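Read from first to last, the chains carry the letters A, B, C and D; within each, the first residue is number 1.
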Amino acid sequence: MIEVLYFAWVRERIGLPREKLETGATTVADLVDELRAREPRYAAAFADISALKVALDQELSSFDAPLAGVREVAFFPPMTGG
Amino acid sequence: MIEVLYFAWVRERIGLPREKLETGATTVADLVDELRAREPRYAAAFADISALKVALDQELSSFDAPLAGVREVAFFPPMTGG
Amino acid sequence: MRVAVQSAPFDVGAEVTAFTSGVRGAGAVVSFAGLVRDEGGDLSGMEIEHYPGMTEKAILGIVGQAVDRWSLKDALVIHRHGALKPGEAIMMVATAALHRMDAFAAAEFLMDYLKSRAPFWKREIRAGGDAWVAAKEADEDALKRWE
Amino acid sequence: MRVAVQSAPFDVGAEVTAFTSGVRGAGAVVSFAGLVRDEGGDLSGMEIEHYPGMTEKAILGIVGQAVDRWSLKDALVIHRHGALKPGEAIMMVATAALHRMDAFAAAEFLMDYLKSRAPFWKREIRAGGDAWVAAKEADEDALKRWE
C-alpha cells in the first residue's frame, strides 16, 4: 500500500489531492505507467513527465528511482515559491 | 583664499579640522608641498600621500588635479563607512 | 535559526527587528521580502499551495546548509501559503553574519533555493482568469552558481 | 528615494516597514544593516566622523546611479555618525525592485560604494585603546565588480 499525492495542476487534472494505491510497480516510471492506464484524467496529468517532478517520502527524487520501501509518492509541477 | 579641511587621523596629526589659506599652488600636489614645508605636524600628516585621498569642492579628486577655481580642499585617509 | 510556514500575514519589519535584536555578535544583517505585485490592478491576489510535511523539513535542510557554508550567526525563513492580497509579503529570509559578503550570499542562496526547490506553487488571481505561475528557466539557472 | 545622515539611533525594522509600505508595485525588497560588533566585549563602542556637506551629496549621487542601473522602484540609505554602542545599527540600505536579482545587486552595489567612497571614518573604542579602522583591500576590490 502506497500513498500518492498530487499538487497544483496535477491535482486539478486528476481531481483529487491524494489516494492510497496497491501497486506492483518497482520504479516511479512503472507507477506512472500504471496510473496513465487507469483513466484519461491520469493520462492527461502524466502526458509529459518532463514537465513534472516527483518526491519520495518527502525528498525530491527522479522517475527512475526504485519504490521499494517508499510509503509516500508525490507528483507536482516545478516549484514556484519565493 | 582656499579652505582646507582635514579628517580622521589627518585632522589629529595636524591638530585642527580646517583652516583658510592663501596659496600660490596650482595643483593639489603643490599645495601638499607648501603644507609639508610649514611645520613638522604637516610633514607628518602628509608623509605618505599614497595613504591619503583628496576631495576638491566635495568631489573625490587626485593629487595632480589643478586648484584653479577650487574653494574647498579636503584631505583624509581612505573611507571606512558602511 | 527559525523556519515558519504559515497562512497568517506577517510584518517584515517587525521580523527584522526581532531577528536583529536576537543575534549576538553579528556585523551584518540582510533581509529579503517577496511581495505580491498588483501589476497596475490586473492582479487581484494570489493563492499558494504547499506540501505540508515536506515544506518545513526541506527548508530547514537548506537553511542548515547556508548556516554552515557562510558561518551564519543566525537565519530566518518565513513563507506563507493560502490566499494573499496585492502588497502583502509572500515570504522573507533574513541572514546574520560577521561580514556583509557572507550575509548577502547566504540570503541569495536561500532565495534561489526557495524559488525552485521548496514545494510551493503559486496561482495568480487575475481579472482575465486564474493561472498557475510557470517556473522560470532563469530561476533554475540561478541555482547553478552555488554548485 | 531617501538619504539620511544622522547621529540619532534608528530602528532597522521600523525603517524596513515604512520603506516597504511606501513602495508601489515592487515584488522584491532587500535590506542590509551594518551593526557595531562587540567582539566578545573587547569593543566598547565606535565613533564615526564624516564630512558634512559632501556626505549626503555623494550618497545621493550613488543612489541615483543604482536606481537607474537596476530600475529600482525605490531606495533608502541611512548612515549614522558620532558615538555608537555595540549592537546598534551603524547604517542600512534598502532597495525595492520588480525582481529579486535587481534588488540584491543594487543593495550590494550601494554597500560596496558606502564602504569605500562615502566620506565616513570609523574609530573603534577598545579596552586596549582607540584606533581608526583601516580600509580593507577587499572592500576596494569589491567595487571593481560594478565597472
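What we mean here is this: a contact is a pair of C-beta atoms (placed from the backbone, for glycine too) under 8 Å apart; a residue touches a chain by one contact, two chains touch by 3 or more.
This one's a predicted model, so the numbers in the text were calculated from it and none came from an experiment.
Of all chains in the assembly, those touching chain A and also chain D are C.
If you average the CA atoms of chain A and of chain C, the two centres end up 26 Å from each other. Between chain B and chain C the centroid-to-centroid distance comes to 48 Å (mean Cα coordinates, whole Å). Averaged C-alpha coordinates give centres for chain C and chain D that are 23 Å from one another.
In whole angstrom, the spacing between the mean C-alpha positions of chain A and chain B is 72.
In chain A, the residues that touch at least two other chains are 82.
Residue positions 34, 100, 111 of chain D are each in touch with at least two other chains. Across the whole structure, chains are in contact as follows: A-C, B-D, C-D. For chain C in complex with chain A, the residues that touch the partner chain are 34, 48-51, 53-54, 57-58, 79, 90-91, 111, 114-123, 132-135, 139-140. Residues of chain B touching chain D in their complex: 5, 7-9, 11, 55, 58-60, 74, 76-82. Residues 11-18, 20, 24-40, 89, 98, 100-101, 103-104, 107-108, 111, 142 of chain D are the ones touching chain C in the complex.
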